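Note that the chains are named A, B, C and D in the order they appear, and that numbering of residues resets to 1 at the start of each chain.
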Amino acid sequence: MKLELRGITKRFGDFTANDRIDLVVEPGTVHALLGENGAGKSTLMNVLFGLYDADEGEVLLDDEPVVFDGPGDAMAAGIGMVHQHFMLVHPFTVAENVMLGHEDVRGPAKLLDVEAARAKVREISERFNFNVDPDAVIEDLPVGAQQRVEIIKALSRDASLLILDEPTAVLTPQETDELLGIVKDLRDAGTAVVLITHKLREVQAVADTITVIRRGKVVGTAEPTASQEELASLMVGRAVTMRVDKEPAKPGETMLEVDGLTVVDAAGIVQLDDVSFEVKAGEILAIAGVQGNGQTELTEALLGVVPTDAGNATLDGEVITGRTIKEVLHSGIGFVPEDRTEDGIVASMTIANNLILDVHDKAPYAKGGALQPKVIADEARKHVEQFDVRATGIDQTTGSLSGGNQQKVVLARELSRPLKLLIASNPTRGLDVGSIEFVHKRIVAERDSGAAVIIVSAELDEVVALADRIAVMYHGRIVGIVPPDTDRDTLGLMMAGAHDEEEAA
Amino acid sequence: MSADSQTTEDRPDEGAPPEDRWRRALREIVESSSMVVFMAIVASMIIGGVLIIFADEAVRESAAYFFSRPGDTFSAIGDALGSAYSSMFNGAVLNLEASSFAGVIKPLTQTLTMATPLIFAGLGLGIGFRAGLFNIGAQGQLLMGATFGAYIGFAFSLPAGLHLLLAVIGCAVGGALWGFIPGILKAKRGAHEVIVTIMLNYVALYLVAWLLSLDAFQREGSDNPISPFVAETAQYPKILGVQFNLHLGFLLALACAWGAWWLMERSTLGFRLRAVGANPSAARTAGMNIGTATIITMVIAGGLAGLAGSAPVLGTQKFLTDAVAGTLGFDAITVALLGRSRPLGIVLAAILFGGLQASGPSLQVNAGLPVDIVVVIQALIVLFIAAPPLVRAMFRLPAPAHEKEVAA
Amino acid sequence: MTATVADAPAAPVSGAPIPPKKWGAAIALGVIALLSLIFFGFGTPAGSTTRFVIARKTDFIQLPSLTVPSELAAILLSLVGLALAGWVAYRANQRRKVGIWLPIVYGMAIMGALLTWAGAGREATSIQLTGLLTSSLFLAVPLVFGALAGTLCERSGIINIAIEGQLLAGAFLAALIGSMAGNAYAGLIAAPVAGALVGLLLAIFATKYWVNQIVVGVVLNMLVVGLTGFFFSTLMSDDPSLNQPIGLEKLPIPLLSKIPVLGPVLFNQNLLVYILYVAVAVLQIMLFKSRWGLRVRAVGEHPKAADTVGIQVNRTRIRNTVLGGAVAGLGGAFFTVASGLAFGKEMTAGKGYIALAAMILGRWSPRGALAAALLFGFADALRVQLGAIGSPIPSQFLAMTPYLATIFAVAGLVGHARPPASEGIPYKK
Amino acid sequence: ASAPEEETSSSATADTGAPAETVDFKACMVSDSGGFDDQSFNQSGYEGLTRAESELGIEIASAESSTEADFGPNIEAQVAAGCDLIITVGFLLSQATVDAALANPDVHFAIIDDLADNDFDGEIDAPNIKPITFETDEASFLAGYAASSVTGGTISTFGGMNIPSVTIFMDGYLAGANYYNDTNSADVKVLGWDGTDGQFTGDFSDQAKGKNVTETFLDQGADIVMPVAGPVGLGAAAAVESAGDAWLIGVDSDWTLTTDYADIIFTSVLKNIGNSVFDTISETIDAGFSTEPYVGTLENEGVGVADFAEGTVSDAVLTELDTIKAGIIDGSISVDLS
């Protein structure tokens, strides 16, 4: 199916998110849409999908103008979409989510044919090596698995135009490769694909055409042969370094010492099994592993979000396990959570307020139980500028920022107080290349100022680029700690559970 | 969706000549929320008018011979509506028929008096809503507050000032205690606050009924379930002289409104409560204790509802019965939501409700309307005020640039 | 018990995703059983007896009544309660849950102890078991319909505080139409129409004008109270033939109604009660097993997700709210035609709010709503039974029974209940 | 319908046929929160008021109170509207009535079911209030006695709330049954009231609960029930009717006339509020206002029992009842619970 967008304009209040955008997607091609955070990519796709009404402009399918009253119309016309913010019903199972909207039913009461839905999920899941249990409930799944469910949902409908809005943000490298393979297969079968991603490697791998959007306008197109540096500078409007420049670490005293930490969950499953390691001041320990192998529990146990069943952790000689979250934070830990909308920001509060969420009762933001609005505003302006948060002002609600800018708010908050230890889960998820460059610089600077840093990342590139040492987790245990120059195959093997080089680095 | 398209229609095109100043001023007036409130009252007057006409006997009688003398019907309709609306105004705002100045402004003071308990309770509920708690229990909290305050007021004899202070504190403590129960049950046991607070309303009612069956709570020489009078030393002084019912409680309510504003907007505690209300898991990750916030919120909300109980027992009625709460606790829910859980909004909404309530006697006695019609008209006014988009659509007013949603 | 508490891990932050061993239920059950032992067991005068009457005098099979030695029975029943609390503690230590049978058996034991104590030494009166159960069901009927209505609306994301108004409107129209037609069944058909109209208003204001749903609900309640009150004191009092006490007759189901105890309770009822059984069963299945139910729940949880798969969010919400209103309206018929009563002002007496609580207690499911309503009905029936035979508890405290029982149920047994995630939030594009 | 003559006076004319010439007098009434449809004292009082309107040709106005906060404002509004006599209903309005009376010495007040003596010094607290009260237990004593004479052994009663204006009915009823047991060495049981506490539905509106309570009494073997709970009593009536072999005792007014349940009404305990209101108004017009308290008793027929259902009470008992009534009137029989 051929898609054409003509002069699409979409405004939110006074803000123009899409400004007269023209776009043509030919059948049997992959069209990559690039742009920095908040450029208007998702908005454009939501207009196309019938979720938003365009203020101006028209959509043509196979050269016929169409008007979608809602996504139902778009789907009926053969458009499928993987949404950046998961459109999954949390208390439902995977199968229920996948069948929602086009359920197989039996009998006059239209009772659900759950077996058929399960079979469909299993079939797609097996075809693409997704390893998704059709009966798992969404809210129990890690975000990576949720992402796979979203993709299964879109694929289960045989669309002739498929929109993928950052489908790989939380996938493992292997899964990403599988998905890109699928995209190619679909393209070869004649499907038109729109791919939005911040990972230029993926663009180079599959895109046939590339359109770059900046601040709501189309600023140019690029050939798939263009280098990552070229694409990046087109997107961001300046030159971007794609590598992390950092001095070798100068590790100091041991800052964090974890000894035999064990976490058993309510169902009696051991999530963290006798984990011991240490991080020195001035070094970055990256934790690698396939998602769901205890990384989340490790960071949450250190913060005190989940109770520990055995073992302890000391920060700079002080025991931090068994303390309240507040005490842990105030002992000098910065925490960037894995799920930013759930745990990182309060969407309905302003940027300024989100920037003081965990320090709101500390000087200089508060004095004797009273907030200091002027200080808060001044600091907020400073942070917004420093971290390049794209917003109309510090009083904008955080929920109306684009996802990347929300992440910058979280980082700005956590990195702007003196830290002994920074724990960051997927700190650059969903960020554009320019922002990633910036965040990586900040993390390295944090290390160089003498803090210990723990990075949990699903992104092997990021792990290798940032880490001074890499700890690999598998089934709740640390299977090995290796130097950053360990080759990827070895890392891959360790992540798959092969024991190796115990305590090497 | 209709609001969407109106927004765009209304937007001055880029490059179009700047809007002329008068038109802009006019547009701002038309878009303003006070215009919407005004039109909402007009709309409910119109619909309520239909009912008034239906309820009016003279109209029905004259309608029976409408075709032989239609003029009668129209004049009867005019009379009915005229007397209803003027009664309403005379009862709630200014009594233009009164001979003295005091008589003229009396309705206004009555409106403020009636608004007093609603301000207190509405503030408490508003704080709860913003902290993510749906407290239906203002009724019970109010009753317990009234009970504690009244008991201190009639059972002790203390110097003026101190006695009032203690009685007022007693009201707050009684309500706070009744708020603490659902707070702690939610924090420790996950018990849904809506259920617990609804149930505690009934428990409070029967508890007070039982207390009032005891000699300690009854007037000497009587078996009626009425408490003795609260001592003069514990009564709110009248602030505009004895001919008006308006008492110090009103000023205290305004002070609480300012306090609630400060708490929620300017204090670290309020910040925590708001964060917990808006996203508990993010708040927890930022080191806030959800359980503690829940308990604190319910205690504050209960305390304010308890203070609402001081308005009748220390201000207007001056003794305790088990019906002292009337429907205040439920009205306060609407007041809080209508005021968008913000103190200023709550004060204004409470005054609107106070006015509606104050107009009731006049509507019944002077306009001869049955009390049920009064209730219906009041409900319509609230409904229209709560629905600005509907009112705009009815009167073809443009939507403002930023449509604010009505949400807690 | 204290020793086991001590080795429990540090108290988790409230709402922690991974809670440790839970002792709350065991402690609560233990304390209650202990109180029961002290008050009912040792508080019963020695040598007295309690008479339990199992069959009503109208029942087909007349089971003999049962007379037990009060003190012994109350002590034994309390000990059963204590033993069950111990079992819960044992299971909690293993982080295991107990089956649903436990609270039921426990409740029966403690209730038995209470009844034995209350009925001790009263020759003129007896504990009427069948009567108690019949009353429970009777008092639960409007609550079940109200809670079903609430469930239907809230599952689609609309908070229905207007249940009270829907019940009242249903009661009113049932009486009016039933009286005009001279046929109670006509009233039964009219009732849902009234409720649906109230539901429609709620739906329109909530979805089209984005008015806060709780405000609309409360205001609709006021509106219905005002309107029905107005027509009651004008229309109906001018012409009493418009408000007659006419009733649905009982339709005993052959054979089933002859089963001892349960037969007369469950199967000698009027049509409305049979509709209730069907409604609970059908809605339970439809809500959780059908396409319609899946879509409704999706709309209530995550309307945008539902929208992205082509489900019409606001249309679904309006439809469900109207349907919910109709169900509550039908329940309103209970107050008039189904009980053989004429309409009276505000005769629903706050049942709509209790139904709301039953909906939450029942965790937004039809089956749960039924159970919660029956619990409430039973507690209410219990207080009536105790009031009738006379008891040393002041009547005001007896009157608290249903409400306290509900608080114990949510705090002790049910714990955290999660509403549909998007309820109360208007869906705007 | 034809148009009335142009000159008809604007005030509503009586349609009872009574040739009431218009009197320049305005009588007003404020209800308590039960409202004028309460099937109880507000309603009876209001009937007296409307009867005065049609028979005496006076002007009337009324105001229902939704909550206690309305009491004062309602009275004040009636004062402002120029009412000559304001009648308030129920002890809850006592203080508001006294306050208004003191503030408006030239307006006349009457209060039903209260002595207007809030300081309990035995004096009316304002010089312009007439208290109207009823010795209802005298009448319910007779009802209790008569019920005991026809029952199979158990009679019952319940109230809306445990408050004196309700329990006075139950006291007399219980005392009457006790008196029957004493004089006839019988053993009639009274369920629902023991002189201090008993069965209460908790409100005055939930008819279904009234039905349920009554069914519970019937299960316990009671065959007569006296509900003292306003409209809730209609629920009791429905239960009695469907049981078929039981009787109901109405309260306040004659329930064979005011309800649809004439067939099952054993008798009614009458409390003639309507008459007392009418009499107070007409006396005030004819002879001027007096603060002389009105106390309705068996003697002045302010209270009484309606006719018993045919074929229930034996002639012998009817004779005994006459004797008892005389005894109560002359003080030789006490209706107090001993």
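The rule is short, and it goes like this: contacts are C-beta pairs under 8 Å (C-beta built on N, C-alpha and C of every residue); 3 or more make two chains touch, one makes a residue touch a chain.
These figures come from a predicted structure and were not determined experimentally.
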| item | value |
| --- | --- |
| Result of counting contacting C-beta pairs for A-B and B-C, higher pair | B-C |
| Farthest chain (mean CA position) relative to subunit B | A |
| Separation of subunit B from subunit C, taking each centre as the mean of its C-alpha atoms, in whole Å | 30 |
| Between subunit D and subunit A, distance of the C-alpha-averaged centres to the nearest whole Å | 74 |
| Distance between the centres, which are taken as Cα means, of subunit C and subunit A, whole angstrom | 45 |
| Contacts with two or more other chains, residues of subunit A listed in rising order | 53, 305, 324-325 |
| For subunit C, residues that touch 2 or more chains besides their own | 13, 229, 233, 394, 396, 399, 429 |
| Touching two or more other chains - residue numbers and ranges from subunit B | 1, 4, 206, 209, 213, 284, 289, 370-371, 375 |
| In contact (per the touch rule at the top): chain pairs | A-B, A-C, B-C, B-D, C-D |
| Residue ranges of subunit B in contact with subunit A within the complex | 1, 4, 7-8, 11, 265-269, 271-272, 274-275, 278-279, 281-289, 401-402 |
| Residues of subunit A touching subunit B in the complex | 11, 13-14, 53, 55, 303, 305, 324-326, 328-330, 335, 337, 342-349, 353, 356-358, 360-361, 366, 369-371, 373 |
| Contact set on subunit C toward subunit B in their complex | 13-15, 24, 205, 208-212, 214-216, 218-220, 222-223, 225-227, 229-230, 233-234, 353-354, 356-357, 360-361, 394, 396-397, 399-400, 403-404, 406-407, 410-412, 414-417, 425-426, 428-429 |
| Subunit A - residues contacting subunit C, complex | 49, 51-53, 70-73, 75-76, 81, 83, 86-92, 96-97, 99-103, 105, 109-112, 153, 263, 265-266, 268, 271, 304-307, 309, 322, 324-325 |
| Subunit B partner contacts - residues on subunit D that touch it in the complex | 1-3, 12, 28, 33, 35, 61-64, 66-70, 72-74, 76-78, 80-81, 91-92, 94-95, 118, 120, 161-164, 202 |
